[in-house]
Amino acid sequence: MMRQDGRAFDELRPIKITTDFVKFAEGSCLIQCGDTMVLCCASVEERTPPHVAEGTGWVTAEYSMLPRANRERSKRDISKLKLSPRSAEIQRLVGRSLRAAVDLTKLGEHTITVDCDVLQGDGGTRTASVTGGFIALSLACRKLVEEGAVASNPIRHFVTGVSAGIVDDTALLDLRYSEDSRAQVDLNCVMNELGEIIELQGTGEGRSFTLAEQQELVRLCAKGNRELLRLQRAALK
Amino acid sequence: MMRQDGRAFDELRPIKITTDFVKFAEGSCLIQCGDTMVLCCASVEERTPPHVAEGTGWVTAEYSMLPRANRERSKRDISKLKLSPRSAEIQRLVGRSLRAAVDLTKLGEHTITVDCDVLQGDGGTRTASVTGGFIALSLACRKLVEEGAVASNPIRHFVTGVSAGIVDDTALLDLRYSEDSRAQVDLNCVMNELGEIIELQGTGEGRSFTLAEQQELVRLCAKGNRELLRLQRAALK
Amino acid sequence: MMRQDGRAFDELRPIKITTDFVKFAEGSCLIQCGDTMVLCCASVEERTPPHVAEGTGWVTAEYSMLPRANRERSKRDISKLKLSPRSAEIQRLVGRSLRAAVDLTKLGEHTITVDCDVLQGDGGTRTASVTGGFIALSLACRKLVEEGAVASNPIRHFVTGVSAGIVDDTALLDLRYSEDSRAQVDLNCVMNELGEIIELQGTGEGRSFTLAEQQELVRLCAKGNRELLRLQRAALK
Amino acid sequence: MMRQDGRAFDELRPIKITTDFVKFAEGSCLIQCGDTMVLCCASVEERTPPHVAEGTGWVTAEYSMLPRANRERSKRDISKLKLSPRSAEIQRLVGRSLRAAVDLTKLGEHTITVDCDVLQGDGGTRTASVTGGFIALSLACRKLVEEGAVASNPIRHFVTGVSAGIVDDTALLDLRYSEDSRAQVDLNCVMNELGEIIELQGTGEGRSFTLAEQQELVRLCAKGNRELLRLQRAALK
Amino acid sequence: MMRQDGRAFDELRPIKITTDFVKFAEGSCLIQCGDTMVLCCASVEERTPPHVAEGTGWVTAEYSMLPRANRERSKRDISKLKLSPRSAEIQRLVGRSLRAAVDLTKLGEHTITVDCDVLQGDGGTRTASVTGGFIALSLACRKLVEEGAVASNPIRHFVTGVSAGIVDDTALLDLRYSEDSRAQVDLNCVMNELGEIIELQGTGEGRSFTLAEQQELVRLCAKGNRELLRLQRAALK
Amino acid sequence: MMRQDGRAFDELRPIKITTDFVKFAEGSCLIQCGDTMVLCCASVEERTPPHVAEGTGWVTAEYSMLPRANRERSKRDISKLKLSPRSAEIQRLVGRSLRAAVDLTKLGEHTITVDCDVLQGDGGTRTASVTGGFIALSLACRKLVEEGAVASNPIRHFVTGVSAGIVDDTALLDLRYSEDSRAQVDLNCVMNELGEIIELQGTGEGRSFTLAEQQELVRLCAKGNRELLRLQRAALK
């Protein structure tokens, strides 16, 4: 099968990472994966939510689409007075993924909130949020170290995310919207730099899938995550 | 490792399914998995949401915890004016899982809403909702056939869900709360009667996990799902 | 007039009370009055709302219908973002009734919240909530005494509730839905074990009513409440 | 017992009714019962809610306190994003009471909404809303007749409301706030011009009460309602 | 151009100010400007919002329309679950205007909230709220002085507001609704007793306007504000 | 007075306009005014709100700050369940300004919504939203013409906005945040290409101001708007 944009079945879209895209956030980047464009901002606050043990920190994420990020304009959450359930699902995934990257005891009593705002959506926004969110988070942690607010860098793992899917019974890495919208199976995989899994979400949208197919999709994601890791290292060097 | 309740590592908790627990819903059951207790009610309405193509139907799910389903009382969503993000995540999973069980074109212009209300929560409420929700859904579909509202039964697959996790580096099937709350890895798996995957969600809560561990957890879930399938068949015979 | 279910004009529906229906609440019961089925859970918290004087406690109630408790499915409050006004009215009635049962100064600085969730509604849900709610409340108070958290049992009165109404110009006790929906007058009465009134709410739905009719309805309720009291004593013995 | 303001036990506070207090509403009045001051406005719309049968009309009410109607300023509902439960309870009572005054089939497909906004609250605001709301409603109905929008006046009964209560074991008519706040029993009674009951709500706030006491309170209310009826007739002549 | 009500182009509508219209607020008035009628109540609380420096006070305003203040009934904010954006805009204007009247350091740690509730709206409600709100605020400040809660009167300026507009290319003072609804330009101006500007808001509704036209409108407002100032002094003497 | 960034008193910050910053919106630009950065997207829909006359169109605007656009992170509107009152005020201003730019009868039955999302805020975000919003709006109108959806371009005026203020008693054009936060007077002015005023909003924050000062500020804005007009023409050529 020939992909519309000429990519190989296991090839990522072009990735562009612009660090410090905005200047007030303790860490930020604009991540572009093909036409998907997410602004990730990490904000540090010197307080933690009630459920967090004394002396330790917290990492959380929020995710939102700008109204015209997509082909059709969608109403803002506030005009419907409810957080989009899709956003609720995604920001929980991003939050868990980024929390796994950090040693919360080393973070001290700080909360880092990573805002992932999708300026343009063309598939893969949740995994781009993980990958870009990790960069914003790392820059914020680095700043905490530089300012002496934490003794040592609380980052314990790199974290990247990518999706793969089955389209016309073929497994493909990093679906763009035109592929995603007709995928039979869609799988998102968040990994650390050792290739271990942090989050895995697979959905049979058009049909169910076998354990063998699932493994193939994870292997594709592993390849994509290795490349994203390399780009993260470059962006953070 | 000895499990607290003496179960083998690959053993389900005792399951009890009471069909027609309430009488107004077109289909209903109370499902008990150990101390977890979920009331599942399927309601049929003769209209479909705007995004659904003419002539086809829709299946959706809602999930909620009663305030005192858990060890601590939690506030009702309405008193916080927001759907719990956890509930939002779960009801999307349950909805996708149950939708996969149905041939929506055979369903005609009906919407079936499956309400999963947790009366008591002791781990595994989301997968119990899938397993019990399928029974409520099946009963409602059967009624539609009996009343002549649809020509043939729109159910195309049985659907069951179960969780597995890694506790103290041991893979265990069907975690109860006291296990779940200290699990290192938690994985939910929804399957059809062929053992194919419909939904898969794995989370490294305490640590990341390897592809091999992930496969082991899916295999445990496959075993649990086979037993749940047998119980579903018995409840629906 | 012959009642549909063959009851005498002053006869209650069959009542079934299952105490400790759920295990986490400090007190709970499932109360069934004919086809009406309400789960009542009493939760104890060691704090009181701001308006409560130091050293004294508080008792409050919440009431809600599950979406498919009735003949038609109704939307959840959270999806409409507003507490059903009917629920608001009812939970104020239940709260006042149960508060009257307790000596708040003996309760100490505890709040007991009694959640009344209607699993199935066939008329009389608000008075079933009072009767069942009292049992949950009593069990929770007993537990507080057993645990030594309060010095003596703060219950000062038994509290039961029942409705009566005028259907086809005949006064009837304990209306089921098919009677209630065509009642001309509907009256709810909450009483203590001395037969004294705690709450009284009468509504002329189809027509106004005389003081004599009102008294007749209260006398019917008094009879029903005496029987409910006997059942409460049995359930709590 | 001497009442603070020198009234006899069965004496109303001074009542003042100013019809047409505002000019846009189809009917309006400002009703003052002692220091209680409620603006009642009836608005006619040429449509009915979905649950109303074709060809018939609807009457409903809304009730609200201005923020500084009371001794303490209270926040507006909108700043708490929830209708005050007390307002919800009251506007249901007022709506049922006023609906009982009207032959909805004669009203045709009109909705009349009676807004009762409390400018100053000193006890008895809900019954003042009923009494004043009836005047606004009557004026609006009269206008519909004059304009030929309805064939004959749909008012079938006058409706008035008043409260009585037990203070220091003495039954008193028309409690003002300083009495109401220490009443042992509080009872509201809505009646028509025949002295028949439309709504009755009694609450044992400090203690329970006997059927004999309840009857005494209703008789006091009946006396008060007769006087209010005379004032309504005068205001509407 | 002849104005509908015979006024000169630079003539205010008849103004009537009734101080102490309600008795619980620390300061209140009913202000009538022609058929526009606004109830203004100032409430004093002994606490300040978090953003206010220690030892200083705060002044804020809330603005709302009663549902039937206008030709058509409008829904209450709470039934739409959102503050009307128009009200949000207006109460920010009124709040800034009244805050400018007060030396917040002299006010001490008090918050004065001025509620402006429009009982009837016929144009100019926002500027009537400023003019009437100032009177309520002044009365509340006077009371604080009399009670010894503040050492000296914190009022530093009188504040009045009025509108002017261009209708049929003619500049007119104090538009009533029938003029306002077809105005080409609408300008609101809040001034102090020196004729200096505190707030200025001009909008080209039907067309844009020149700087010369804008100055002419401000001069008209200045004349109107001088007269309002005289009326304020009389009301407060 | 020397300005912190060395600008003359009547000098704009550097302006950068990137048209078509995102690709799905019918028109878009990223406008940067110094460090202020606003993404403006115009979306066309083929329907109009109910209050719009048949055959004519509508233009509206929405304005929002991303959570970390500022020095401190602010919570999202949705997490507070209310539109920020400041945003409500601003989007009404932007909407009126852009509506004035368009001949709505030429627009036909289309609604153009201009979303102004502030990625970074350093003062002047509301006027940058007007200036950038006009570009997005113009591009969308041009596209409607090119697609034949409207017969002729409905734009009738260019529209730009800028602020001026009095800092240390000196009138300055285009305040950045560090100036704005200590301004005595702040004035926003929206003009068309003829230098006529469309919207004018002046606020005495630290002190009141004279008519002469007000005119001086408008003249400064007129100069700034002329330069912005030149930049708009260049961006749209």
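By written order: A, B, C, D, E and F. Residues from 1 in each chain.
Here is the rule we use: a residue touches a chain if its C-beta (ideal position, glycine included) is under 8 Å from a C-beta of that chain, and two chains touch if they have at least 3 such contacts.
In UniProt terms, the chains line up like this: A, B, C, D, E, F = Ribonuclease PH.
Here the structure is a predicted model, which means the values were calculated and not measured.
K.L.:
Hopping along touching chains only, can you work out the least number of steps from chain A (Ribonuclease PH) to chain F (Ribonuclease PH)?
P.N.:
Between chain A (Ribonuclease PH) and chain F (Ribonuclease PH), the shortest chain-hopping route counts 1.
K.L.:
Among the chains, which has its CA centre at the largest distance from chain B (Ribonuclease PH)'s?
P.N.:
E
K.L.:
Based on mean C-alpha positions, I'd like to know which chain lies farthest from chain C (Ribonuclease PH).
P.N.:
The most remote chain is F.
K.L.:
Which of A-B, A-F or B-C has the same interface as C-D, meaning more than half of the contact pairs match by residue number?
P.N.:
The same interface as C-D is formed by A-B.
K.L.:
Could you put a whole-Å number on the gap between the CA centroids of chain D (Ribonuclease PH) and chain E (Ribonuclease PH)?
P.N.:
Computed value for the inter-centroid distance: 33 Å.
K.L.:
Just the number, please: Cα centre separation of chain A (Ribonuclease PH) and chain D (Ribonuclease PH) in whole Å.
P.N.:
Spacing between the chain centres: roughly 58 Å.
K.L.:
Scan chain B (Ribonuclease PH) for residues touching two or more other chains and write them down.
P.N.:
81-83, in rising order.
K.L.:
State the interface residues of chain F (Ribonuclease PH) toward chain A (Ribonuclease PH) in the complex, per the touch definition above.
P.N.:
Of all residues in chain F (Ribonuclease PH), those touching chain A (Ribonuclease PH) are 22-25, 28, 35, 37, 39, 41, 43, 45, 62, 64, 66-71, 73, 76-79, 81-83, 113, 115, 117, 119-120.
K.L.:
Which residues of chain D (Ribonuclease PH) touch chain C (Ribonuclease PH) in the complex?
P.N.:
82-83, 85-86, 88-89, 91-92, 96, 100, 157, 187, 191-192, 194, 196-205, 208-211, 214-215, 218-219, 222
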